Amino acid sequence: MPQLPLAHPFDDDKLREECGVYGVIGVADAANFVALGLHALQHRGQEAGGIVSHDPVTGFQSVRRFGYVRDNFTKASLMETLPGQLAIGHVRYSTAGSKGQTAIRDVQPFFGEFSMGGAALAHNGNITNALALRRELIEHGSIFQSSSDSECIIHLMARSFQKTIPERMKDALRRVEGAFSVVAMTRTKLIGVRDPLGVRPLVLGRVGEGWVLSSETCALDIIGAEFVRDVDPGEMVVISADGGVESFRPFRPASPRFCIFEHVYFSRPDSILGGRSVYETRRQIGVELAREAPVEADLVCPVPDSGTPAAIGFSHESGIPYGMGIIRNQYMGRTFIEPTEQIRNMGVRLKLNVNRALIAGKRVILVDDSVVRGTTSRKIKEMILDAGAREVHFRIASPPTAWPCFYGVDTPEREKLLASRMNEDEMRAHLGVDSLKFISLEGLYRAVGASEGRNAACPQYCDACFSGEYPVAPSDMIDKGFRTKAAE
Amino acid sequence: MPQLPLAHPFDDDKLREECGVYGVIGVADAANFVALGLHALQHRGQEAGGIVSHDPVTGFQSVRRFGYVRDNFTKASLMETLPGQLAIGHVRYSTAGSKGQTAIRDVQPFFGEFSMGGAALAHNGNITNALALRRELIEHGSIFQSSSDSECIIHLMARSFQKTIPERMKDALRRVEGAFSVVAMTRTKLIGVRDPLGVRPLVLGRVGEGWVLSSETCALDIIGAEFVRDVDPGEMVVISADGGVESFRPFRPASPRFCIFEHVYFSRPDSILGGRSVYETRRQIGVELAREAPVEADLVCPVPDSGTPAAIGFSHESGIPYGMGIIRNQYMGRTFIEPTEQIRNMGVRLKLNVNRALIAGKRVILVDDSVVRGTTSRKIKEMILDAGAREVHFRIASPPTAWPCFYGVDTPEREKLLASRMNEDEMRAHLGVDSLKFISLEGLYRAVGASEGRNAACPQYCDACFSGEYPVAPSDMIDKGFRTKAAE
Amino acid sequence: MPQLPLAHPFDDDKLREECGVYGVIGVADAANFVALGLHALQHRGQEAGGIVSHDPVTGFQSVRRFGYVRDNFTKASLMETLPGQLAIGHVRYSTAGSKGQTAIRDVQPFFGEFSMGGAALAHNGNITNALALRRELIEHGSIFQSSSDSECIIHLMARSFQKTIPERMKDALRRVEGAFSVVAMTRTKLIGVRDPLGVRPLVLGRVGEGWVLSSETCALDIIGAEFVRDVDPGEMVVISADGGVESFRPFRPASPRFCIFEHVYFSRPDSILGGRSVYETRRQIGVELAREAPVEADLVCPVPDSGTPAAIGFSHESGIPYGMGIIRNQYMGRTFIEPTEQIRNMGVRLKLNVNRALIAGKRVILVDDSVVRGTTSRKIKEMILDAGAREVHFRIASPPTAWPCFYGVDTPEREKLLASRMNEDEMRAHLGVDSLKFISLEGLYRAVGASEGRNAACPQYCDACFSGEYPVAPSDMIDKGFRTKAAE
Amino acid sequence: MPQLPLAHPFDDDKLREECGVYGVIGVADAANFVALGLHALQHRGQEAGGIVSHDPVTGFQSVRRFGYVRDNFTKASLMETLPGQLAIGHVRYSTAGSKGQTAIRDVQPFFGEFSMGGAALAHNGNITNALALRRELIEHGSIFQSSSDSECIIHLMARSFQKTIPERMKDALRRVEGAFSVVAMTRTKLIGVRDPLGVRPLVLGRVGEGWVLSSETCALDIIGAEFVRDVDPGEMVVISADGGVESFRPFRPASPRFCIFEHVYFSRPDSILGGRSVYETRRQIGVELAREAPVEADLVCPVPDSGTPAAIGFSHESGIPYGMGIIRNQYMGRTFIEPTEQIRNMGVRLKLNVNRALIAGKRVILVDDSVVRGTTSRKIKEMILDAGAREVHFRIASPPTAWPCFYGVDTPEREKLLASRMNEDEMRAHLGVDSLKFISLEGLYRAVGASEGRNAACPQYCDACFSGEYPVAPSDMIDKGFRTKAAE
């Protein structure tokens, strides 16, 4: 596996979305559209990608590869092996486990051949009872190809007594707990499902005479597709080649709990989530932050690139000039051989550089999207001070991240999260900055447009990473000894 | 050669710097420092890179590769083949000719073995009498390894009667016309030279007990080196392993003519050129532009990423809010198979997307660094209008680019330059925008700090791409029929 | 997949063994022994290879690759990923289907995780009721990973109610029809099984304190292992890490029917099969052939390399001198671009050349191991005549190959076999040679030591490819319309 | 560079030819013919290969690659980059130096651009005054691209005052000492030259309307070319596209001294050298050996593959049966990870195996082509005895190799040659065999057809490796301290 230069400069110290899903039906060369869509969703998963297509002549065809979409799914000789008017695809991050263990067989979409024909399936999210399901399936003779939680769905489908694949899929998904936005295909149908809480996004679009399912709207734009609507929480859509979209509600109704961190960090700023512009939400977070935690300073600097919209908002609200105090190396690079003469903060230097001429002598407000382990924040602070800044003030566009996510985001164990061990003031001292302020949970809800504020009884979003209130009990983790806030 | 995803989103429609050079002496594992330095200079050349090192035991060692520094010069097994306390390196763009013809033998540094020992050499710039020199050298029995103009220098050195390599280098460079910043090495010396006009940058830094030569200061920062001073136009520095820096002036004195486009586009914003912050210069260009060409609007948007500092400056000066109306796909991608259903502006969509929610209904000022062919500007305008902008105003952070560069920048032939065929108003009509304004040449000189303005008799910078006033006659090109402005 | 230069010069016109299997228990670095063993079995399958190892710390580890063993399983960095004292491996040929369809997931060993732990399995042979089994398993919810017949065994094991893996394996193999020599492993046991007829070979050896299972004895020699005995037809051996070998007889007893073609062509000449030297058997075939079909001539030439031992025997018996009239290009090569000026018999020329000086003016006896399609025999005849031979006499070291094999050998469809359409005399005329003689089936039985001759009622070997008498009904093929001789 | 499995089983303990050359003019797609020819010459050099072609439209094109011809020059996409009716090629072994130092720039053909146009050149042999020439050329300003002795020729040509390339080549080659068979090309001519002694072979052939130059005749056969004649020692042929062959004699006349080891080992047995069949010569060596050194035994075995023809001859003359006592693994393999449990003679086992059933209890005569270091002979002897042979008698098809070759063969330093330190009896004891006999130098001359025996005053062949009588003084080596026999 070639070394993958990740594109977020501080990936080691960020939460990471685990997947993006995409599907197209009813247009020629559907796989080429899927390749483009996955390219636009690359920020949701950079480790590997896969596409399955179906054509009446060649049947199902599949290509799965480590690495970027642009490096794999751009060669004509490869794309010609994926013919047909129906295709789905997936991009994935490595799971929390050691990267070395990821095998190509863990790369989605997964495929299963049933007596009524084949089906392929791509999953964004995380199944919180996957271990229990897996144990049960193995006891009954299923053989797993991968270590992925998502493979359970295919095996549950294989064992269903239903006569059609969509019905088998309903059967299977009713047994599954956790978060899932699934895009699947049979020989003739494109299927999309969101879990009852709608934790992960999924949207429906139209391209020419065909239909598109995508994790985000930015991947509709890239192919010139028109946004139609969100797939609803708890909804299954079954789309035929001739253009009909059937809608089903296979699950018990529930109050939606969309992941609020999609707004803060995961999704692309040019996407629209649940009717709200991500960019505008982030800018608004900056505005709220400037109101909640003002400070006298000379310069508002984003930590690139994810802190940029909030920094712009902070500058707009505070009137303090916005400037690029940190310049990102657009070529990135994960590893170089460290020369004998030790270079301080070498890892960070590969990715960014301080704009000394701008920083020197200034009181600087640094706006970042989140603090996870805090390791990168410390290094950035050092570089800023080395460059001659007079003061450094951190403003964070999310509340303290104190709880791990079990719904499809790769988070460190709880004790690795800085905010699980320290309060805001301890963190400030730990980072060694002049001030440190996180936006409040209420402020964040205001920024996402919940004018009435957070509904504590039944929050409008999943904010478990901040609040420790898990909308679905993470049963596998509880079996392993994890204690939720409620249990503490 | 793997497909290289270039990092400037509109690389096809930009001028391209052809090289970056770097050298280190006096520290262990010098090649590892060079690898880091070249990584920081990657924006100056992405097609290929090379490093030569010297160690008393293994002698000269060389590695030259197509592709990014991070993909080639990061493996321990490779870097171990480049031992020693002395190393130089080079990153290069393809020359104007067809890319297919570039061979690994054209990748620098070049190496020559002379009777007094070997020397390696890396060159940023362009030799304007290379064809004449090459013809003469071949007639006298020299055998060229490459199609590169830079190889002439090595052959001229081989034929010099001087007894030391630095003296042979002086001999050779006195015969060479054009622009050159050269970093070279013998078994014991690191050498840096700038042509008499100092067209291309070259700086001297200190790292521990050792010394560094670099095209830009940003590549000093990455290894924690301290900036010492610019190598002067017309200066040769010869640096010994024991730390002494000797300075020579081998050329007839001349008025410096540093490339003004380094400030506009080529150099990284976090570099300091001739004592001036590139970022601040670009921001100031935006300020000047807002003064010269104000317009009523709702939003100032940069064309990412190179237009960003000028857009910030324009916003500061005009008071019009700054916003990210165009979102760049940070994973880029040069080629995908175009699906049958034609996607409008597919090439541009791979690289960026319009932030519809921000743009819709607004009067938008787009700030870009330059207009070369104009092809990309048209596509961006279309996407902005499709997204519902009410008005589109282009503001360009450089004067019209009407003349090709012969000093180390890859420019299209003159007739391909939009500004060579049209005046500002014709260009506005051609692009189909509500207004189009370039900064004036005088305004640009003000922004780079020439408070007295441009000295028409003897301009302080090389601005031939705007003015057609070539400080060194491009003799090879004139032989081929090119007519300078003076000749018209 | 890189182009694989096959090593038999006329591979296109030969029957091809589909697999070799190997396993080692009770010695450190068992996977390294397996790599060596597979290298020695490379002639049994060149398309791909795989190794699974088990170590208490790391659990099961697996590597599967296209290409030669020597190109894949020789790197320390790779072999270190296969730790432990227990490992099995497999080399495979492509199956009869189009090569393009082979995927890495079809490469063995296969692995399954059961409730009592994992097991890996490698199979030489062919399951003649695989399609029926697969259909049944899918109907009950099994999901197949590959298109391989061998995967049925793993799924049958997964669905068994037995409590141990060896017992589940017995359950599974009792449902399987056809030919199988299986090497399998659990976390602590190495298992070997041969089908009741013992169609494919499998031997047991001892290396130091450990044990080895191998398709052939030549792969014991390479690691310095001592030959212990053949695994018997219908026997299962279960070997523990502490050295015990348990023997079971899970199947109903049957008269053995070892594949006689292993002696003629598949096995290496330095192997011992069922107590007989393959080399000596082949030499003896030559002796019998010289007795059955003598001819006056000047020279006995083998068609290299597989005809060599029989040619030596023919020369010994006939007294006609042995000589190398055909020289094999030891570097082989499958494909070159054919130059515009058409080269006659280009494919054959890449692999061999006639030794003109030896052939010219002579009456030549060519000894080959078999005639399949006959295409290569024609080309060789032409080259021999072009070189000036006076007469060409073909002597074939096997009876006419008139029936396809369904027990693990890749044969063309019946109508492609020359001997299915023509008698000996028609073949002679078709090939255009002065004489053509195949050894008789009786002569072949004499050569393999059946002094009493072939027992027509119950032949001592499987000779279905010559006789059309299939010892196990090929039920999947019969479902598809194949008609055995008995059915005709 | 991928690991290259060499094809001679004991390559580590053999002398190695350093090159093969090939050229074609006057047929379409000449490079495809050259690829085939180089494939047939692969035994003369396996490390790397190169082809240069010329076409009036595209000019000179060149491809040079490490590895086998079949792996590099078989792809249509590559071969299409080598258009034209004129092409030359080269295969090379690594030189005596460490393999790691070989760079792609050392791979021939070499190319030089002169004022009258370009020329490419491929050289088989070795220039014995290359160091002196190189020193002189560097002093006058030539820059060497490679560490190859052959590059001198191109530089000498570049400095000649002659007006045409053939005349410049004459000038250059008159300054060169040693052995050379050169194939060269200009834009319109194919040129072949042999040194005055004709140490290395070179033949002329005809294909269709075009002409071929080749190191050996076996490479004419592969393309269906007709053998015309040997290029004479001291002859230069200049062949035009329109079919004319001009012959020149640029050197002072000398008595030919063709390399006798080409007959013993280097050339392919199906080649004709100086009118003699290599196979027949080798068989005749076996006959002479049986006469000179008879022994009572049960079996004559070749050490495969190079000992085979002599073993056949020995068997014919002695009446002792010929058999394959050693079986070569046709897949070879240079390196495997040695398992912890040490395997005796692992290196040899990767390449061959003893045919125990044939060897056990027998008195065995092993026929090998030569003994260099003797390391392999010892290991083979051990394996033969382990297999139960009663006696082992070595018969060697060449006289003791006691002197290094300086004419294009890679030999160990003199002290590494077993025969330089021991007489025949000491070698027998060292190898631990029952008898050891080399053919006499006189016997060898008889076998190559010198019925009158070796002319001691002026030997008909170069036999320096046996006799220490160097026909051309190895001046560079003498400068380095080497003492010839005459000097001792």
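Going by the order they are written in, the chains are A, B, C and D; count residues from 1 in each one.
Keep in mind that, in the parts below, contacts are C-beta pairs under 8 Å (C-beta built on N, C-alpha and C of every residue); 3 or more make two chains touch, one makes a residue touch a chain.
These are the chains along with the protein names UniProt gives them: A, B, C, D = Amidophosphoribosyltransferase.
Remember, it's a predicted structure, so these values are computed and weren't measured experimentally.
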Between C-D and A-C, the pair with more C-beta contacts: C-D
Chain whose average C-alpha position is farthest from subunit B's own: C
Rounded Å distance, subunit B centre to subunit C centre (Cα mean): 62
Centroid spacing, where centroids are CA-atom means, of subunit C and subunit D in whole angstrom: 36
Approximate Å spacing (C-alpha centroids) for the pair subunit A, subunit C: 50
Multi-partner residues of subunit C (each touching 2 or more other chains): none
Each pair of chains that touches, named by its two labels: A-B, A-C, B-D, C-D
Subunit A - residues contacting subunit B, complex: 2-3, 5, 7, 27-30, 32-33, 35-36, 39-40, 42-43, 46, 68-71, 73-76, 79, 207-208, 210, 218, 221-224, 268-270, 272, 277, 279-280, 283, 305, 308-309, 312, 315-316, 321-324, 327, 329-341, 343-344, 346, 349-350, 353-358
Touching residues (chain side subunit A, partner subunit C) in the complex: 104-105, 112-115, 135, 138-145, 154-155, 158-159
